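Multiple structures follow.
Same chain, two partners: subunit A is paired with subunit B first, then with subunit C.
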Partner chain A sequence: MSLSKIARFATALAGLTALAVGAQAQTPAAGEPIKIGAIVSATGAGAGLGIPERNGLLLAEKDINAKGGIKGRPIKMIIEDDASNPDTALSKANELIFGQKVVALLGPSLTASTVAVGGVTHANKVPQIAFTGIGPAVERERKCVAHVLPPQRLNAQALLEYAKSIRATKVGVLHDAGYGNVVMAELRPLADKYGVKLVAVEKFEIGATDTTTQAAKVKAAQPEAVFVIATSATPFRNVKQIQITQPVIAAIGSSSYEYVNAMGTAADNIAIPEFVVGEDPLPHQKAFVDLYKQAYNSTPKNYEAAAWDAAHIIASALNKAGADATNEKLCEAMKAPYSGVLANYDFSADDMTGIPIGSFVFSKLVGGKYTRTPFRVSQ
Partner chain B sequence: MASLNLQRNLLWIAVALAVWAALPFLVPRNIADLLVFTGIYTIAGLGIGLLLGHCGIVNLAQATFYGLGAYASAYCTVMMGWPSITGFLVGAVISMALAYVIGRPILRLTGYFLALGTLALSAIASALFFEWDWLTGGTLGIGGIPKLDLLGFVLDRPSRYYFFVWIVAFACMWAAHNLVDSRSGLMLRAMRDSSTAAAALSVDLQSLRTRVFVVCALFGSLAGSLFAHHVSFVSTQSFTVDRSITFLLIPVIGGATSIPGIVVGALFITFLPELLSKLGDVHQILFGLALVAVVVLMPDGLMGAWDRFRARLVARGGSDA
Partner chain C sequence: MTLSLILQAIFAGVTNGIVYALVGMGLSAIFKGSRVINAMQGEFAVIGAMTTVLLLTKSGWPYPAAIAGGALAGALVGAFIEVAFVRYMALKNASEDSFLLLTIGLALTLSASVLFFIGRDGHLLPPIGGEGVVLVLDAVIQLHALWLVAIGIGATLALRAFFHRTTVGLSMMAASIDADGAATTGINVGRMRTYTFVLGGLLGALGGILVTPLISVDYTLGLNLTLKGFAAAVLGGLTNPLGAAVGGVTLGLVESLAIIGISSSYKDVVAFSVLIVIMILMPNGILGRAGRRGG
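On to the complex of A and B.
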C-alpha cells in the first residue's frame, strides 16, 4: 500500500470515528437518572418569574437528555413550587436534598427564598444555582451558591451606560420601594462616576395603583432622561399620562410580556437594558429561542433563558466532575467561566456570577413590541 | 374508679410524650422542618386564639409582632453581635410596649372596626419594614442569623430545633391555659358574651383587653424570634398582611376556644398546603376550597367538630345502655 493510500485510509477511518462519536453524542440518554432539584415560585406573587423559569428548566431537561444526558445517563428535574414563600422554599429544599437526594439545587425565584435555602445548601455543601442576583452580604460567604442573574449593581450600571450613550446628564428616577429601592441604592454612588446628576428621585409603594404625583415631581425637575425601576406597569402608564416626553429607560425587572401588555399604549419608546430579545436574538441565542418557540408557541425572555442556563451549567459541571462526584467536587467544577444563552458567566468571581456589562443587550419598546437596538457596552 | 381514670390519663400522656419525642427521628427532614413551623405557628396562633376565642377580638396584626421579634433577633445577633437571648428579649419588650401603646386607643373599637384597626396596624408595619431598610435590610433582608446554641449544643437541624420550639410552645400553651382558667379568664368570657353585663360587674374591659393584646404580642414576638433563628434569614416577604391572615386562620380552623385546637389549626396551615402541592399549580385554589369547607361545615373549627362528634358518641353509648 502506497503512502498516499495509507493516508487516505487513515483519513477515512478518522472521519468514520468522528461520525460515530458524533452519533453517540446525539443518542438519547438511558439508565438511572441523575436527580436535580429545582424550586420556583409557580404560584403567588413571584409566579411571573417562576412559570417562565419552570418552562426553561423543562426545556433544558429535554434538550440535555436528547443530547445524551450526563455521560449517557439522563437527568431528572424535580421541580417544586414554593408559592413565593421563603418558609415553604426551606421545607422544599430539605425535601429535595435529604428526601430526594438531588445532586444540586436550582432556584429559587425570589431573593428571600434564595437566602433562606442557601442556609441549607451552604451548610451541606450542595451546589445551588439561584435565579436571582446576589442579595445580602451573607451570600458572598456562600461559595457554592451561584447566581444566573446579575447583581443589582450591574443593573444600575447598565442603566447609566444607556443614559451616557444618549448624552443624558440630568436624570430623574421613579422607583418602587422593593426591587427599585435595591437598584437605587447601587445607582446613587455610581451616578457620580458616570457624570450623571440625579435631579429627582421619587419612590412609590409596591403595588401602588397610581404614581402620578411622583411622576409629576420627576417631570418638574426637567430631567433629560427618566429611569423607571419597578416590577409594575403602573409608573409607565403614569409617565405617559402626564406626558413626559424625555427618553424613558426601564430596569430589567419590568421587562416581561405581562407588564408590557399591562402598559398598553405607554409601551412605546422605552429602552431596557436586558439580555434576551426573543424577536431578534443574538446569534448564540437563536437556537434556544427557536427551540422555545417550538415547544411553547411563545417567545422567551430573560427568566426562561436564566433557568435554561442554570440547568446546562449544572449539566456541564456534572459532565466535568462525574455523575457520582462529591458535592465539593461538583462545586469546584461549577466555578468556571460558562458561555450561556443569557450571558457569559464566571462563577469563580467574587459575586458568584461574573456577568460582564458587555453581556447586556438594549431593547426598545416600539408600539408595544420589543426591538433590539444596536447599542452594546464594550467589555 | 378515679385512680383508674388517672392511670389511663397518665398512660395517654406517656404515650403522647413518647410519640412527640420520637417523631423527629422517625420522619424525613422536610417533615421535621414542617413540624418546627407547626410549633412556631402554634405560638403565634395562641395569642390570636386568646383574643378571638375569649375576647371576641379579630386581630389582623400578628405579623407585625412576629416581624418585630424576627427583626430584633436578626439585628441583635447579626448587626450588633449580641447573644441570641438579647434578640428574644428586645423583640418581646418592643412588641409588648407597642401592643400597649397602640392597644389602648384601638381596643376601644369593637367588631369590624377593631378588625380594620388591627389590619391598618399590620399594613403600616409592613410598609415600615420595607422603608426602614437601614434597620431591616428592606427587600434584601438580613441574612446569616446564627442557629441557637444551648450550652455548646447547636440547634442546627430541624430534628434538634423541633424540641426547643415545642418546649417553648408547650410553655406558652400552659401559660395560656392558666390565663383562661384564672379569674381573668372568667372576666374575659363574661366580656366576650356580654360586655355590658361584664362592665356592670366592675370588669375593666379596656384594661383586660389591652392585657390580652399584650400577651398576644408577646407570643407573636417569640414566634418571630424562633422563626428567625430557624430560617437564618428575615425579609419583608415574611411579615406581610397575608401572614397576619394566615395566623388568624389558625384558631379559626382549629377552634378558637380550645388550646389543642390551636395546634390542630397550625398543623392544618402547615401540612395541608404541602400535601396539596403534589397536585400541581391548582394547590392554592384547593387550599382555599378546604378553608371554605372547614369554615362552613365546622363553624367551631376542627376541635369543635371533634367535640361534637365525641358528645354524640357518648350520647349514643348512653342511650344504647
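On to the complex of A and C.
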C-alpha cells in the first residue's frame, strides 16, 4: 500500500468517523488535493468584479476543506487572472485544463471571457461555472457551462417588478452602451407585458464623464420612475444634479460599494434589485456574511457570494459523482437544483442557471448604506 | 423639445466644454512649446484632483490650500517630466513619435500608480460655492458649474495675457517659433520648454480639480479627458492654446445639442461628423492661421 493510499484510507476512515459523530465534529480534509481551476479579472476593467470573486473563492476553499473536503480529500483552488482580456482568459483556461489537469473551471468574470473559455470547456466537456449571466446565443448550446448570475432578461424583469410595485407605468431609462445595451434589449419587449411605457430611453458611452443632457431629456419626458442601467456612478450623480425627484431604480451592475461610494449624496433613495445585502442578510445568507466579515473585515455583496456558491456547487457535484469521475459524469452531477447564498439555482434548467425572480431582494440606499426593503416578488 | 431642455443642454455643453478646453489648452501649450503631443495630459487632471482630495481629506488642509496644492502638484509633475525625460530625449534629437510613445507610457504608468497607491475608488470634492443651484426656466444649473465656467474663462484670458504681455510668455512663444533665433537673443530655450510643461501640468490639474465635484475622479479618468482634450486642441488649431478653448466649448456644445436634437444613440456619430466637416473646411482649426499669433 503506497503512502498516498494509506493517507486516503486514513482520511476516508476519518470521514466516516466524522459522519458517525455527527455534523458538529468536522475533520479537516487531508490527502492529495483535488485541483479546481478559476479565472477571474483581478486587474483591468473587470477588477471590480474579479477581486470580490477571488475573495469569495478563497473563503469557500477554506470552508470546504475545514468541513472535510470532498470525501476527505481537500480541494485546491488554482486562481488565475485574465486581466479582463478574453485572449488571456483562453490561454489561462488551456493551461489550467491541459497543464494543471483541473477537474472543473470556475469563472471568468466577464461575458466576453466566458464565451471564449466556453469554447474549450464545451469541446472537452469540462464542467465550468461562470460568474456571469448567460450571454450570446452560442452559450445556450454549451450544456456544461453553468452560470451563477442571472441572465439579463431576469435583471430586466426585476427592474420592471419593482416599477410595478411602486405603480410606475411611465418609465425613463438612462443606460450605457455596453452592459446597459444588453439589458435594454431584454427590457423593451418585457415592458409591454408589464404595461410599462418607456417614455424616454437615453444612452451614453461607457466611461462617459457627463450624462447631464441625457438625464435632462429623461426628465423632460416626465416619467414616474427612472431606471439607470450602468456600471459607473456618473449617471446617478447627473440624475440628482438636475433634480430628478422621481424614484430611481438601478440595475444590479452598479450595486457595488465602489460605485455607491463614488455617487456621494446622489446615492440616497436609489433602489437596487440584487441578492445579498450584507448589512441585513436573509437568514440563509447570514452564515456566509458572518464568515466573510470575519475573514476580510468588510461586508460582502453579490459577486463574493456568486463565487462562494460556484465553489460549493462544484464541491457538491464532486461529492455526488466522486473525485475520480469523468468530466461527463461530473457535468451531469452538476445539473441539479442547488440552494445557494446568492439564489436558488436549478442547473438542469435550459439556461443552466434557473434562478427564479423570487431570489431577488430589493435594497435601498439610505445615507450611502444599503437597507433591505420588505419587497420580494412572489413566485 | 422645450426651451428649458435646450438651455439645460447648452449649459451642460459649456460646462463640459470648459473642462475639455482646460485639458486641450494644456496639451496645446505643451505642443506649441516642445512639439510633444502629450498623451498624458488627462493624467495631469487626475494628479491635480487626487492630490487635492488627499490634502483635503487625509491631511486636513483647508479647501483653497488643497486646491493650490493640487494645481502645484500638476505643475511639478509637468516640470519633472520635462527635466527627467523630455530634455534628455531632445538632446538626442528624438523624433515626434518617440515623444508620443514616452507620454503614452507615462500615461499608463501614472494611471497604474494611482490604482496601486490610492485604489480603485472614485473620489469627490466639495462643490465650490456650495451645493446650491440656480433655476433658469426650469433648467437646473449648479453653482459649482457657474464657478467652473468663470474660472475656466478666467484661466483662458490669463493665458492669453501671459503669452502677450509677460516677458516669460513672449520668450516661450519665441523659443517655440524659432528655437535657434530665440537662443541667439539670449533666451534659455531649454528652460522655456520646462515652463511649457509646468503650464501644461497646471492647466490639466486645474481642469481635474474643477470637474471633480461634478464627476468623481478615479484612475481611469485621465484617458477620457486626454481624448476629449486632444479633439478640442486639434479643433481649435493644435499650436494655439486659445484655439483649444474655442475647440473645447464647440465640442461640448455639439455633443450635448446632438443628444437633444437627434438622439443620444447617435451622439458621437453626429458630434464627430461635425468635427470632420469643420476640419475639412478649416484645416488649420477654427481660429485658423489668425490664431497662430494669438497663442
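Quick note on the criterion: the second predicted complex is superposed on the first by the 355 of 379 C-alpha atoms of A that agree within 3 Å, B and C clash if a C-alpha of one lies under 4 Å from a C-alpha of the other, contacts with A are read in each partner's own complex, and residues count from 1 in each chain.
As a working rule, a residue touches a chain if its C-beta (ideal position, glycine included) is under 8 Å from a C-beta of that chain, and two chains touch if they have at least 3 such contacts.
For clarity, every value in this text was computed on a predicted model and none was experimentally measured.
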Sticking to the clash and touch definitions up top, decide whether subunit B and subunit C on subunit A clash or fit.
fit
Quick one: classify A:Gly358 as touching subunit B (first), subunit C (second), both or neither.
neither
When the two structures are overlaid on chain A, which partner does A:Pro337 contact: first (subunit B), second (subunit C), both, or neither?
neither
Across subunit A, the partner (subunit B or subunit C) reaching more residues is B
Considering only touches as defined above, state whether A:Gly264 meets subunit B (first), subunit C (second), both or neither.
second
State whether A:Pro189 touches subunit B only (first), subunit C only (second), both chains, or neither.
neither
Could you tell me if A:Glu139 is touching subunit B, subunit C, both of them or neither one (first, second, both, neither)?
first
Check whether A:Pro28 is in contact with subunit B, with subunit C, with both or with neither, and answer first, second, both or neither.
neither
Contacts of A:Phe204 with subunit B and subunit C, given as first, second, both or neither
second
In the superposed arrangement, which partner chain does A:Gly72 touch: subunit B (first), subunit C (second), both, or neither?
neither
For the overlay built on chain A, what is the smallest gap between any CA atom of subunit B and any CA atom of subunit C, in Å?
5
Contact residues common to both interfaces of subunit A (with subunit B and with subunit C):
205
Would you pull the subunit C residues touching subunit A in the complex into a rising list?
1-2, 4-5, 8-9, 12-13, 15-16, 19, 120-124, 133, 139-140, 142, 211, 214-216, 218, 220-221, 224-225, 228, 255-256, 259-260, 264-265, 267-268
Name, in rising order, each residue of subunit A that touches subunit B in their complex.
42-44, 80-81, 83-88, 90-92, 94-95, 97-99, 110-112, 115-116, 118-119, 123, 135-139, 141, 177-179, 181-182, 185, 205-206
Given the complex with subunit A, which residues does subunit B contribute to the contact?
28-30, 32-34, 37, 127, 130-131, 133, 137-144, 156, 158, 227, 231-233, 235-238, 273-274, 277, 281, 283-284
Using the touch rule from the top, collect the residues of subunit A that touch subunit C in their complex.
47-48, 202-205, 207-210, 212-214, 216-217, 220, 233-234, 237, 241-243, 258-259, 261-262, 264
